[in-house]
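First the structure, in the form of structure tokens, and then the observations on it.
Per-chain residue numbering starts at 1, and chain names A, B, C and D are given in the order in which the chains are listed.
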Amino acid sequence: MVKPLASPNAGHLKVEGLTVSVGGPGPTLLEDVSFDLPPGNRLALLGTSGSGKSVTASALLRLLRPPLVVTSGRVLVDDVDLYGLDGRSMREHRGRSLFMIFQSPGTALNPCTNILTQVRRAAERREPSRAAALTIAAQALDAVGLNLRQGLQFPFELSGGMQQRVLVAMALALEPRVLLADEPTTGLDSLAQREVLRALEVMLERTGASLLFITHDLRAANVLCRNAMVLDRGRLVAKGPLSDFLTGQHGPAAHALARSAAEADR
Amino acid sequence: MKRRTFLKAGLVASSAAANCVRTDREAPKGTLRVGAGSDRYNTAPGRFTLTTSRPNAHVGEPPARPNNRFEARPWLFESWTHEGEGAYVAHLRPGVLFHDGTAFTADTFITSARQFIATRDFIGLDPASLRRVDDGSVRFRSKTGSALMVDNMTHPSACLFLPRDQAGRKPIGTGPYRMVRYEPQRVLEVERFDGYWGGQSKQPRVMYRFLADPQTRLLALRASEVDIVSDVVPEMLLSIEKNDPGVTVLRSRPIRYAALFCNLHGAPPFHTLRDLRVRRALALAIDREALARVMYMGQAVPARGVLPGWMFNLGDEFPRGFGMDTAQATRLLDDAGWTRGADGMRARDGQRLRLRMVSAFPNASSVKPMPEMLAQMFSTIGVATEIVEVEDEQVYYSAYADRGQADLFLELAGNANADPTFLLYNAFHTATPWPSYRFHAPGAEVDARLDAARHGTVREEIVAHVREAHRLIVDKHVAVVPLLSVPAFVLTRPGVAINMFENVDWIDFGDATIGA
Amino acid sequence: MRGRLGRRLLWTLTTIALMSMVAFLLVAIAPGDPVVAELRFMGVPATPNTVEALRREFDLDAPLPVRYARWIVRLSRLDLGESIASGRPVAAELARALPWTLQLAFVSLVMIVALSLSTGLAAALHPYGRLTTFLRGLTIMAISIPVYWLALAAVGLGAVVLGWSTVVSDASLGGLLLPAFILSLAPGLAIGRVVRQRVIDERLEDHVRLAVALGRSPAQILIQDVGVVIGPSLVTMWATTFGYLLGGAVVVERIFDRPGLGNLALHAIAARDYPVLQAYLLCAGVAFVLVNAAADLLSAWLDPRLRRSRVDD
Amino acid sequence: MIKTQALPPNPSLIWGLRLAALLLLVALLSPSLTPHDAYAINLDRRLEAPSFEYPFGTDRLGRCVLSRTVLGTRASLGLALLASAGATVAALALSVVAVFGGRSGDRAVRLLIDVFISFPSLVLALAFVGIAGPSAFAAVTAIVWAWWPSEARVMRSLLDSARHRNFVDAAFLAGVHPVRVVVRHILPQVGPALAVRTSLEMSSVIVALSTLSFLGLGLQPPHPEWGTMLNEAWPFVGTAPHLLFGPGLALIASVLAFNLIAEGLRVRVDSRQLQEW
């Protein structure tokens, strides 16, 4: 029997008028993006590639790289505006209140450290003592279906799917209040996708974190989320239950997404 | 002396800028410290030079030493007579002891001479001819029948030691100093030998520190870590100001020559100087006063020959040498058919008058910037000069000098031997053992003079032949164009006095006095 | 790992064999002749038969391949021959010079590592800050100013003006710091530039962004995420520099009066002292090869991607 | 779509190119830029401190140091560029053989590098003089001979990593001619890193050229050259420090120019910048 992790303390993510442009006066990549993710809820952020999904994810975590810069807007986690914090306190929030799983499994893990150590370092954000962190890490790996032997291996010795699940295990060990998942299933075969989604499901159950699922794959989004919003050329163009998008309402961008999801099914 | 600000010194952190003399590093009681050049001692039996040359630590002593006219004066030989055809009888100085107490007698001299003099083939001692006449006198013969063998024994490599197998490690000599310690490339330490026949030296201990880099030697002197710098290269003089408080420059009478050796027998394209008129024109185009002003802290003097007048009592009526007479030089070149082109440079049937000057023996930096000054002087009479500067002695010889691959060879050298014929024979005789000098041998007329000198028996007669050979070489054949006569230099800390001598190898630094 | 070790050993042996051939050849074709050089230095003209006798004594008259074969045979008996210029066995000359060079090499290595890491990491922490521009200016100055000057300026300032150090070297550790610093300044700063570049490139990698996303401290990230990955490649760079240092730093040894291998080599070149020069080139070469081989093995061992890989070296 | 925005301002590249252009201009026009005749010896004006008439003062023969520095630009930069370019081209050729020549090619080149890399450049230059005899051009070849192993070693590893990028494999698979692949895909990756290395080597090449005068190689007097001027200026550092100023400044300026260009190139190719910690 696996002991449930800490009590759910899901965070409330509110994004108000987020605008990102290239080097201030330059062209805008995101324009006035606002949405609300109540604690414990799951929301999908849909959009074709180039619509600004990843920029949004990076912006939420203040990981935008120059020359991209946030020109206006606020990102609130439990009513704390992340863009108002200094470096040190922002560091406190990263991981604990807001965490992100990257898309590219191959390069997202430290190539020279074994998996268990990397997950343990994530656990240490929550449990400073090394021994306790180690058990949390082992449990997290087990929760995502990875045994101890795999834990002692290095990233280059694991498949893409397994590496993605390691990231989920990190999130599990970390117990963030809000989890951002940036295209976690893209580029994986369907079997690996299912394993990753199931791992995410386990993680969300255990930690009760709220989820922002960023993808262009409606089907994968449908597995975890009920509601979704569509991003097209940097603007939110539609919000509502996921099923509507599947049936093609809500305008051209949503329709294009629905069609690509349909083709994937054939 | 302008007060050098500390910052400037710190900023430039130069040697000369730092003129605050450090006194807290005085010599440990009673040890004189001499900064010598790099350690090139050789301890192999056949080529033994430990403690004898550069620097000469006066552990061993030669049969005779040069006096202030570079004539052999008695040393371990109290007297000697040449009985003709190279046969000699010599009377040893009595009361001479080796450092381990062994007496210096005929027998010890014979065994020692066999090992330390017979192996020097330029002296030409026949080892088999060494005979004991009585306890204090010996008989020996020269292989070549030379009357000047004892004069050649004034060379440092003729120093005598007790012939024991481990001579290489700790030579036992008869000199004023006994060897204490030798650490290759770092230090040679000697202490006073109280049983010395010539009385006590002033300094109880002398330490020769081998400092390879010239600038480091100078800095060691300024930092009072050495009292004397014995190995002075011209480049060091540039870092010393006229009245520099940190360094005293001691100079001897002019002894070394800076001269241009002409290629008399060059194969094309280096055959231009076969023509005497061109050689003479070059000699007349040189402003030696200007060279003297720029070079060697202005301490050198215009030279008339390659041997100084005071040496061997040659006197002053030796070669007239050449003054500066560009008009005569121009006439000579016109006679030789080298007509001036539009740009003022001369050519003859399509061939530009262009000479290659290789600088230098012993290295380029010891004569810099004479080549550039000479090139400008030659250009005023229409002669173009290609300068090749070589620092490495082996490349100078093997790539250029030994194969006559240039028209003019710039040299800074000098005679250090009491044998009057030594320099002229080796530099200008067609049978010279040094391959590079074959190109400067005027020929039969000079050979005859030099042979006559070598076979002469009476010293005045020998010197007369040398004087005439010297005149023929310089004035008549212009085989060499003398430029400057350069003194030998020694640097000391202020207040250190030594008795200077032209050949630094024969300066007894042990007799130095350290002032207040 | 064992396969790699075996292959590496074979590779090192072939390199050393070829190196001995090249060393012998380079010295033989250099202009000038050791015997004539030695006699000329003594200022005594030598008759041809003396020159011939000495050439035979030093085995210089045989044809090149024969001389090389004899040299190798003697080498196999660890007999390096006798120096022409000093008359002492070559092995003794090298043994006397080695400690001077080793001391200087090790202390300089430590300073190079410290200098390169500190300037590299400092520049990487704030890549576009004032400190980085200052360090880059310093690097350019250090690289453009010849070592001969730096050394003389240091001796002039240190010993003559301030009196902290001495011009004449003593075997103390203190006397080692100034020359080692001068020796390590240019390579240290140059490698610092490379460290900065490698750290910045690594920080651009996704796994470092993940570490930042985890909220871990910059110090932890620098060491555990960036350092661990770029560490092995830096080891190879330091090793190569150390390999050169083992050959002896000619200029610094001359000016700081440290009779090490560099000084010995310079004398051997000036006097064309073949036995010493050949032995020096071979030993310096072997040291360089061994140091680099060790570095390759160490960095391969440090980097799990290479350690576990089956790919041939 | 996002408008293609002009490249981010690249100060190092701009200043580097400006400085290099200035140096090139000075090199090309040097005969007419010199305030005085660089060869004219004037014994009455020896070792004068910098003045309005002689901005960098005069040397030990009374010649204008500024004119000699200007005239020396063509010799020093020319020879240095020739030498480092030669070394780079030789290293590139061998690296291409190593990376594309299959296992035996790679082994042979790496063996060659390992054998020659530890030999001091002075010994290599000396042996070179033994074969070809001293000549002005010999200095450049001696530098190339002494420099190529270390250059080749770096270039081989750069080329090797560039070669194994997947878009390079893709180009090969698409049947693109190997030479085009090297030029279009591999060199742009390797270029900036090489430019940085060459710029750092520039000063040691210039200094090495002057030390080769030890063997009579390189440019001979009276033609001015920065390295030789620096060597001759050194003994005067206490009595006439201004002699160092001309050639020293010129040497540092040229190294700075190459360095800025190299840094600018690197940023231009890879303009990713870092996020905060």
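Here are some notes:
What we mean here is this: a contact is a pair of C-beta atoms (placed from the backbone, for glycine too) under 8 Å apart; a residue touches a chain by one contact, two chains touch by 3 or more.
Since this is a predicted model, take the numbers as computed values, not measurements.
On a Cα centroid basis, the chain most remote from chain B in this structure is A. By number of C-beta pairs in contact, C-D leads over the other of C-D and A-C. Chain D has its Cα centroid 22 Å from the Cα centroid of chain C. Each chain gets one centre point, the mean of its Cα atoms, and the points for chain A and chain C are 51 Å apart. Per-chain CA centroids place chain A at a distance of 87 Å from chain B.
One simple way to say how far apart two chains are is to compare their mean CA positions; for chain B and chain D this gives 42 Å. Looking at chain B, one finds that residues 12, 14-15, 17-18, 215, 392, 395, 399 touch two or more other chains.
Annotation for chain C: residues 30-31, 152, 209, 212, 269 touch two or more other chains. The residues of chain D that reach two or more other chains are 126, 129, 234, 237, 272, 274-275, 277, listed in rising order. A complete list of chain pairs in contact reads A-C, A-D, B-C, B-D, C-D.
Looking at the complex, you find that chain A touches chain D at residues 22-23, 26-27, 29, 50, 58, 62-67, 87, 91. Looking at the complex, you find that chain C touches chain B at residues 30-33, 36-50, 54, 82, 85-88, 93, 96-97, 152-157, 159-161, 163, 166-168, 254-257, 259, 263-264, 266-267, 269-272.
The residues of chain B lying in touch with chain D in their complex are 12, 14-18, 215, 235-236, 238-239, 241, 290, 293-294, 358, 364, 368-369, 371-373, 375-376, 386-392, 395-396, 399-400. Chain contact summary for the complex, chain C toward chain A: residues 205-207, 209-217, 220, 224-225, 228-229, 303-305, 308. Put simply, chain D touches chain A in their complex at residues 1-3, 5, 8, 272-277.
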